[in-house]
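One chain, chain A, links the two complexes that follow: it is found with chain B in the first and with chain C in the second.
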Partner chain A sequence: MAVQNSGDSLLEMFIFETLQNTEQLEQIILDTEKEDGFSNNAINEIFRIMHTIKGSAAMMSYPEIASLAHKAEDLFYFIRENKDVKYSCSHVSDLILLCMDYINNEVSGIRENRDPNADESNRLIEELDNYLCKLKGASTDTTNSEKMLAHISYKAIFYFEYGCEMENIRAYSIIRDMREYAYDIVTVPENVLDNDETTNIIRKSGFLVYFTSDKAYSELQSLFMNMPFIRDIDLTLTDVDICLQAENENTTSGRVTVESESEKIKNEETLIKQDNHSSGQSIISINISKLDKLMNLVGEVVISESMVANNPDLKGLELQSFQKEALQLHKIIVEMQDLVMSMRLVPLTTTFQKTHRIVRDMSKKLGKEVNLELSGEDTEVDKSIIEHLSDPLMHLVRNCIDHGLESEEVRIALNKPAIGTITLEAYNSGSNVYILVHDDGRGLNKEKILEKARNNNILTKPESEMTDKEICSLIFLPGFSTNAEVSEFSGRGVGLDVVMQNITSIGGSVSVESTEGMGTTVTMKIPLTVAIIDGMNIKVGAKNFTIPITAIRESFKPENGSIFMDTEGNEMIMVRGECYAIMKLHKQWDIETEVTELSDGILIMVEQEEKRRCIFADCLLGQQQVVVKSMPDYIKRIKKVEGLSGCTLLGDGSISLILDPAWLINSEIKYGKGE
Partner chain B sequence: MADVKRITDIEEDTQSGRFLTFNLDNEFYGIEIRYVTEIINMMPITTIPGLPEYIKGIINLRGKIIPLMDVRLRFNKPVLEYNDRTCVIVALIDNMDIGFIVDSVAEVLTIPDTDIVDPPDINKASNKFIKGIGKVGEEIKLLLDFECMINCEEEAIIAEKISNY
Partner chain C sequence: MINVLVVDDAAFMRLAIKNVLEKSGFKVVADAKNGQEGIEKYLEYRPDIVTMDITMPDMTGIEALKKIREADPTAKVVMISAMGQERMVKEAIINGAKSFIVKPYKEEHITQTLLKIASDK
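Presenting the complex of A and B:
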């Protein structure tokens, strides 16, 4: 059991590390592409990342990933060693990004136990190979000047980064890497893999390796420094075994001293960099399920605190000091709750950064230059919400580029800047986060939308009565696309529907504003967190319900005169000149209650996506922050309960069901007959 | 580590062949003790609209929301008003906590495998919840397959839907 466990955590670590590495790599590539050419730093960094991926993939025995990373590493090795070689930066970027996609895909495949796709990897390897050959062909003269050196013996001591863990395995992967260019390898301690004790030895006195190689000192030094998790190495020449090489050696050692000088400087640089790195690492990663548990527990504490403080046994008692202490407890708990909440908050940075890639790929394919501007990416959102955001953002950005922005010629003709701009903006407001996707393209053509809607028969209102906003919102309906042709990127009419679904599933809403010729702005309003909401507790018969406060517009006692019925017995109410349908919760769900007359209860007007409806309940119990709990899995499995988005515990320990505002607005209203 | 494994082994050993018995009307039923987390008294139930009749609703068990299934109704027995002998057996099945409402719980018995026989085939659909029939002295205990009881929902729902049309 223990073995399997550690294997799992090893695998988990591999997946985590690799995904992080690929993300970093993608960032580097996108950055360098802007500068048009890889800087030395970038090349080294890419090389190092590829090397890490290769090493760990080989260690976890994923040969496809390892060999692909190896090839990519070869390419960058070549570019690094032959600085003057001409290469096409964008082509290399394309290749590497493809590799990244493949590796990402494979790594997530590991989680799902998918079989590796060897064909794809081979194809990519071949492509890399071809390109490398081409480069090599272009610079044969430079490679020729590299002399083959005879075998030289070395002694190397590797020191690993503090706290990198599993030193023996890291050491083993070094040895395996070295086999490619080194012979007669002897290590101290021996058999690093079989003996766990070696970890401590390596940690204390470093990992000592004797070997011979035909590579030059400087070459080895830089190779070693680029290995993952190496803090420092001590590479020394031992006796050159063949006297014949003495002459040769003289010339090389001269070079070695000079170069080792510069190596030293480089080493120092890397050391400083690594120091910076480690000082920034006061962050630990925690399993999200643990956080969820903690959050649940804190939720429990909040509830039981109010149960204790408002205990019926205490009613009527004069308890001054108790009240004081209870208040203190309350303060601490609220603080604790805030802290736990903030732990789950993640900045939008990575989600926003991902759009760079989409913009890059699409602008290349479509030949439209696009300027992407980000603002407010440090806005923090709950982790569970972030996961639902990347898809919608992707679709929206794609739409902007494909439909929104005009081609360069058109833009110039319209007196607009030649390069279109897409702006992603995020900001906090109250308990909501707003994310805006804006483009300065052609805007929505209302006529076209209406025409399409007419053809598809999805109009619910006469056209003349529709406001601009309502017309614009039509584009979020499933299957709606004004694009005549289906392209690789959009036109199937699925995208915006996905946006809508994803955002509403996390309790947010989407709206769109557009001025023809000036551009379109899509605004996503998202709750800061789904775990705790502000709710209004209401009572129907013996049951409690909670409506999210964000969906409530107002609540009022109906006046008798304003209520009327249509021919089918549907009740409606006129409020300030507007007419709303009434949904009686007790009828809807057959709940026994004494309050059946509208004048005895209370009406709550709920609103979502511009639609409103009045909900009839017995009475309001009050507003409260509630911890949202999902329905038990068993119930979810039997049937998707309509109208309920979860449940929560009230102060007295009873359960309140949380009503789903979308359902309240959109479901069919049941009317009891014979009343 | 090996010790831990041994202990869990022993624990499993002590649990195998042991059944918690409860009764509905005059029949005695048994459920494997390894499923059972605890036995609690009846609590106020929050009903949820739109569920099969035998799912009574959810309760708040020390902060955990647990669904309740009325075993009587599951077996199509007549409704019996809950009284102070009514119990809820909280069981962990497929990583889900589920409460089963029974008339009353009896005792924990050890029934060796040799005393358990397969239920007779009456027809295809019947006896799907019964894993075996245990003999304890003169008495008969129907040993239930709780996993089936919570997994056979789909059929029930389909049947219900068909009858609605």
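Presenting the complex of A and C:
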């Protein structure tokens, strides 16, 4: 049935399911590679997945995907039916992975309304075909290879001429004749011969036959029309998996109805859905945008609750019962908030698993064998964060293999294990998730990094003052790339600064540690969620600001005598023997306030990546969980406001701007004149 | 020209079928009044299609069908049945009858069925 983009939900389902299938396929292939050859199970599974993809793609009118999947299915059909045929497992894996990449790409393209790339599909089909021919040539079992001609799934509804009588027996003779060229025949109603009752069903609704055949549509159409007593025939391409289900449904209800076209579509849609959920009835998939909305609403509820409970109208009133109920409401809301948050949490498993593919492809291409170890894949992270995590992780892993790990000969010469190991590790700590990418390769060469940095003019402070860690971190700066030759994988002209950008954009940070000759560890620190944070609300003049609690070390009233001026006349503060620069928010933002003297206000020490600075504000308003909202679009359009990571509503309904800790630490301090 | 052998115990039916077929351009090369004769005529004339009544004395149409198909597995036999003979029709179909026509039939039922079957392969 050709459904040209009809029903977005059906299309969504198709995309969702196909992507899921390809993911599963990739997993199977990577698993089998480890085991040196496809197991029977794996072959069946691959065959089944390709079959499903083919069926749904044909139904959704994506012939490129359908025909490619069809070809791949052919190949595995052949392998399945000819057990002793010799094939190169690694070559087949390569082919299938390529097909999968193509399908993945096409399916994602559907969302962007991209035109299908038929050339690529044809090229892959040809490649599969060539290999299949080669296999067939090698196989002596000709009867099997003839049978293996892959079959297209069809659905046919036969309508018999009025008054032809004994329709059930006619139906039977159709099936009998079809057996010569059709396989996997399933009929509705079934057992037409033994049950004369079926005559009435066939008379009313036609005789429904699902089957597969290697014959083309038009050929079948004319064959069927040439059968005696056929009034009409409704032949459609379909997918047999879905049909088998339909058949089950129909027979259990004991009757068949020929639905209108739209009803059929609806039916198949639900069938696809059922198919998806059959593995676990207790799990349903929800559109992420709905969760986002829910999250937002819960955020609003949190704010409204505190607006109601702390309403100024209630001030000074003795409201015992009200307070009690308000407390109960608060409890429920907090619970709800936690629940919604947990709904958005996704384990890192899939993201981690994806690295298998990268490792495989690269180690094959570069001839470096690599051992990939994963730990803590079940660590959960907010869905919106996961999306930003995949690319940096791939980038880092690619870098490890390409630049980090030495070749086998070198490793042996260095007395290291011949096979390099890359370790991915994830763990929770506080409200952060740490992700470590470690390799046991050559490590970073600090001399080279410095030299390169010097050449590219990206040094920010004198070399002699830089710690090892700071030197290593240079590799994350834009415009830095130590590998002279551009390799296919890592050197795409973008450096590791992309990793840094990606991670900081979600409020995380990246640091690197390396011991020369022993390996490199890149640590990504990522907030568990970006939607709700614990914040400290502060006041500067008439404005409210919120600083994420995680960035705050302490806050204190400056002692007299601890403040001194540096050589340029800027205020510094000495706390427990350490010196910190002071950033006065009212100067930074040009805010009018009465509190300008350090002794009148409060200092908040913020820390990020082991750098600290003291922020001066009028006073603290208190700690609160705040719902982070991104800056409204109309503001973003006017200009990019630096230093703000979002905004939020406070309990009294006023707006508070959330300060970006990274900015607080790294931005240039504006010192007012005369200070 | 499609050659047909008509097998029926009733002379009236043989004539009726013959009339219908010849009006539509078929050639009835022979007819037979029972199963045994049907087999003999089939082997003699090798027609393209046989129309075979089911209930006949001595040897039923089904027996004849089996014998004919035994002798020539490509033989195309269309059964002529009365209402209510489901069991027999089933047996005939299982034994290789190409199709069947239920009496009382419409003329085009016969002609179209035979045309379609004759053009088959």
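To be clear about the criterion, the second predicted complex is superposed on the first by the 494 of 675 C-alpha atoms of A that agree within 3 Å, B and C clash if a C-alpha of one lies under 4 Å from a C-alpha of the other, contacts with A are read in each partner's own complex, and residues count from 1 in each chain.
Basically, a contact is a pair of C-beta atoms (placed from the backbone, for glycine too) under 8 Å apart; a residue touches a chain by one contact, two chains touch by 3 or more.
As the structure is a prediction and not an experimental result, all values here were calculated from the model.
Once the two complexes are laid over each other on the shared chain, residue contacts for A:165 go to chain C alone; chain B is not touched. Look at A:173: by the touch rule set out above, it reaches chain C but stays clear of chain B. Partner contacting the larger number of chain A residues, of chain B and chain C: B. Applying the stated contact rule after C-alpha superposition, one finds that A:102 touches neither chain B nor chain C. Of the two partner chains placed by superposition, only chain B is touched by A:654; chain C is not.
Of the two partner chains placed around the shared chain by superposition, chain B is the only one that A:634 touches, whereas chain C remains out of contact.
Residues 1-2, 296, 299-300, 303-304, 543-544, 588-591, 629, 631-635, 637-639, 641-644, 647, 649, 653-657 of chain A are the ones that touch chain B when the two sit in their complex.
Against chain C, the residues of chain A that register as touching in their complex are 161, 163-166, 168-170, 172-173, 176, 193, 196, 226-229.
Residues 78, 81, 83, 86, 89-90, 93-94, 97-100, 102, 106, 109, 112-113, 116-117, 119-120 of chain C are the ones that touch chain A when the two sit in their complex. The part of chain B that touches chain A in the complex is made up of residues 1, 4-5, 44, 46-52, 55, 58-60, 63, 65-67, 95-98, 150, 153, 157.
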